[in-house]
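To keep things simple, chains are lettered A, B, C and D as they appear, and every chain counts its residues starting from 1.
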């Protein structure tokens, strides 16, 4: 009953086997391994983007920060959701990688930036005013940190506003597969067809050991990205082991299968918890991640039985006294079982 | 017959098995895994440094840059050998991580900084002169990039000069085990007992998949290091797989056995090549890495038969016309076999 | 009728004469001029801070950014008012100087951060959480950008909260003298006695050509500040001309007289405009700066007659249709005359 | 008898008068003053560069660092003379402004980089190698820090090598006027006609209070420069006082007259000292700056009589025992008198 994070989950067997298989003899280092050529071809095919530049790094923070740095000058700003990972969970990594760009936090609804909020913020910017930071990039996260998923229309509306203002668009896809499965769309639909310039295409949270692809749809940015990655110590010498994971991930739709399992687990979890008296979600659960609250006694029973998840701050006046209703973040992953979910729900219910 | 780099070699079976074993169920993420506690204890024991702070990253560039950043303010300089990895092979990573510190390149003898050169450089510094960059840190590499190994006396002499000037001392130990085996000393001898404040303790080049420990002998630097690592995207979510490698590495002296094999291969390679007419080394080979040159025909024979290694620039007036004598860097690793070496030497000899 | 900015005003005659007098023969460069020794003594005396470190720079942005950089690590955050100069008018200079620290914008009341807002923000911080930026410094501005003035109690309350959390306190005193005159207090009252660690003591907006002192009450920060200033190109070679201005400024209470004049002009301006129908201030005017709005026709009459000031965005539903009531920022300075004010008010009134 | 630095000299009367005259009433701030428009027109005319972008800052370090930052990415290197101001006298300002670019120090002859040295260094660069810092910019200084002057041919030869390698060319013209007068050429000859992309056009060392123009011959770099300048706190609010100095400087060839005087003083100084037994110059004196050495007794006599100049390190085996022959840097300026020179020479002679 571990719902702490998809980061705590094991690596899927297919990825583990691929790593083992990759350990045959010698291989060219620093990204020149043959497997990486196959990965690039796979990603280009999956994304219907034959010119895209594709690079692998091992952490989501590296993927996001490097991607943003390519598209945001030091004197520019990244527009992002106020509770996005880049804003609150990366210890200022985007600021480090961009050499001091400012993150402009935007509010919104249901964990998503709304067009109104974005436009209102942009109205503060006077074109050609040297005294203020300049508009640089927009970073969206899908699945959002709140567990909701931007629809394709929502993405397109936001990127259209960005484009009108010369703002580049980044997608933090730490849970890219989960969002895509939730939307029932293609990778292209969710990215370049929707105005995204660069995507952090996550694998780690969806069953890999530690690999994220950065996909740049403008190949002219490729060399700068390579230099930034190397300079940051994120170019792996034994790169073949990153390639192997990603190759397995993209083979036979493994990535989609894993995300489908995780999302189904998320749905089952909501389904089982919803009937419990006092239970309520804080945001729409669209994929494998849910913010929700319930009675203190239910928390205590679950934890006493070994359940693990993150407590979340915040009172809930509409559900009773704050010290009697507690919030939590529950995350399912590819390996979450129905039995775990059912047992957990039973404990919460009491 | 691959002598290109120890980075091209496979992962040793023990490390691979440890990775597989680590994939059991859930584990705390971001370095809070239990295996990391064991690794910290191992390192402290091996280094006879019960208070040392220990962190894992996946690349040598990250290890070096983060270690240097902790000890070098932006307005300070890192003294380093002019051909050291941090100076010429990291695309300016130390400059990035230190927020713009200057690397002061020092010459030397046999791939090593000499006390004379270091002292002469320090003579340029006027205490309290705000116009110049300030003295920050000294970075030594052992095994050196040239393949030689600093003796303990040499290290101590250089760090003593540094300490007199308030300069912190970093050891780039990408090939730490190879140097230690060559010296026949303990980890403590080669580090804190010799004046080293922080060491990049490499595993990747010696049979791991991608793990380097940073060992800070002053635990007061620990928190800053943690923040810098996180901010750089080098804190792994599925950290247990880094821990597992390092734990295996330090168990039953695996790391020493691997380095012993690699060094023995290096010695055999030199032994087999030395009698060949025209062959000469450019630097003393003390471990598993050798810069050397021989007749063009020998290169052509070896390469035609599938040998792989890096050609090195530079003419050799004392051995004949420059276009007839070519240099190479040859690197052995834990998996290099006697048969490979012997076959290679036979091809070079003709 | 120029109310655009105190930056547009001329230099006061005393400062201009001091500059001319300073141009006698040779002088030591880079801050080693004798006048700087006198300035340091003056500032220490005026601030009742015999150990304070004192440095001169030529711009407010340099003063603020360097001061904040000394007290805010790259992975920390500066808490500041959401419309403060450092947040919106310096093109990210604090981010540049701190090597990428984050500015956390706080709301408040009447242009001032309130203790409630500050505490609520601090509640987001989990001690020892490596994933988030760390608490670094609090920057207050007095006179605020809104034209209001923090009382001593308000400053003390905010700095006390900061100190409890290990947060350093900076005062942006671009209009230090105006605030002090408004409060009727001493420099010490408004700074170190109220918990301020470092102050940007402005002169430029109050009659100087271009000089701001940075006063660090902890002399242990002195050398780092000197290095940062030099490295940023803000150490003047012909520094004597900065010293001369500041020396004149602090002699015979010139700075207080100039601020008193400017504040009196601000008060007169409010007094003359207040009776006009529809006129209202947006924030409390406590010194020489006022945000206010009035009928469109009054704007048109004033501008047609040559008045100059900044239009400010924002509608005013309580005063009539947004296109009929327009806002403005009006700034008086040491040289503003009663005649100008009276003529301007008459034009606004119609 | 002050030969310490042209920075220690007073401001010329024409510049001082211009500053005083500029203090009439109000003026637009932050570079929008009318005088700046005239300055831009003057510079464009003087440089025969009708499209050049022109900006003023107050220090040479700011001018150099900002100019280099526009032309050098963080992962690139600036090639410069090993004793250039940017390399040894700016506390790492270029590293700070470029966000961590590396300065590659080049040796040379007579204080100048030679084509051979530059080419040899470039030979180390492998095109497309992500592991090394990339070629960014070349920075030349004229007058050199050694007191010699690059000829137009020398500049053209070096910039041609640079251009072949895609390297931008910066000229540190802290003593631009002195070099130009020495060469008897036009500003265009010494800059864009000779391959220079951006120049720091110094005024401070040649009679101004504190103004350097940065002239970018490619106007597409203008906006980035403006943003960098603002972000660094180098955009002056009362900018009119910078403009006034530069306007006076460029009016009626004042700048040329001042430099002519300073160079003539330098020549006279060499002429008077040269016949003295044991006297020798260390580099060719081409303008107002001379490195030279003479007998200890001569130093002692001069200093006892109040002469001031910088002692320089280094022994001189060809002139007698090192402790009997001491080196010095002697700098003349626009205000140096013949009487001073003659008295000084007489003291040295004894």
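In this section, a residue touches a chain if its C-beta (ideal position, glycine included) is under 8 Å from a C-beta of that chain, and two chains touch if they have at least 3 such contacts.
Because the structure is a prediction, the values reported are computed rather than measured.
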item: Shared interface partners, meaning chains that touch subunit B and subunit C; value: A, D
item: Remotest chain, subunit B as reference, centres from CA atoms; value: C
item: Interface copy of B-C among A-D, A-C or C-D, judged by whether over half of the contact pairs recur; value: A-D
item: Separation of mean Cα positions, subunit B and subunit A [Å, integer]; value: 35
item: CA centroid of subunit A to CA centroid of subunit D, Å; value: 51
item: Whole-Å gap between the CA centroids of subunit B and subunit D; value: 42
item: Sequence positions of subunit C contacting 2 or more other chains; value: 30, 74-75, 90-92, 96, 99, 130-131, 134, 227, 230-231, 235
item: Touching residues on subunit B, where the partner in the complex is subunit D; value: 74-75, 77, 88-92, 95-96, 98-103, 130-134, 313
item: Residues on subunit D engaged by subunit A in the complex (per definition of touch); value: 30, 73-75, 99, 130-131, 134, 224, 226-228, 230-231, 235
item: Subunit A to subunit B touching residues, read off their complex; value: 2, 4-5, 7-11, 16, 19-20, 23-30, 57-63, 65, 90-93, 96-97, 204-205, 209-210, 227, 230-238, 241, 308
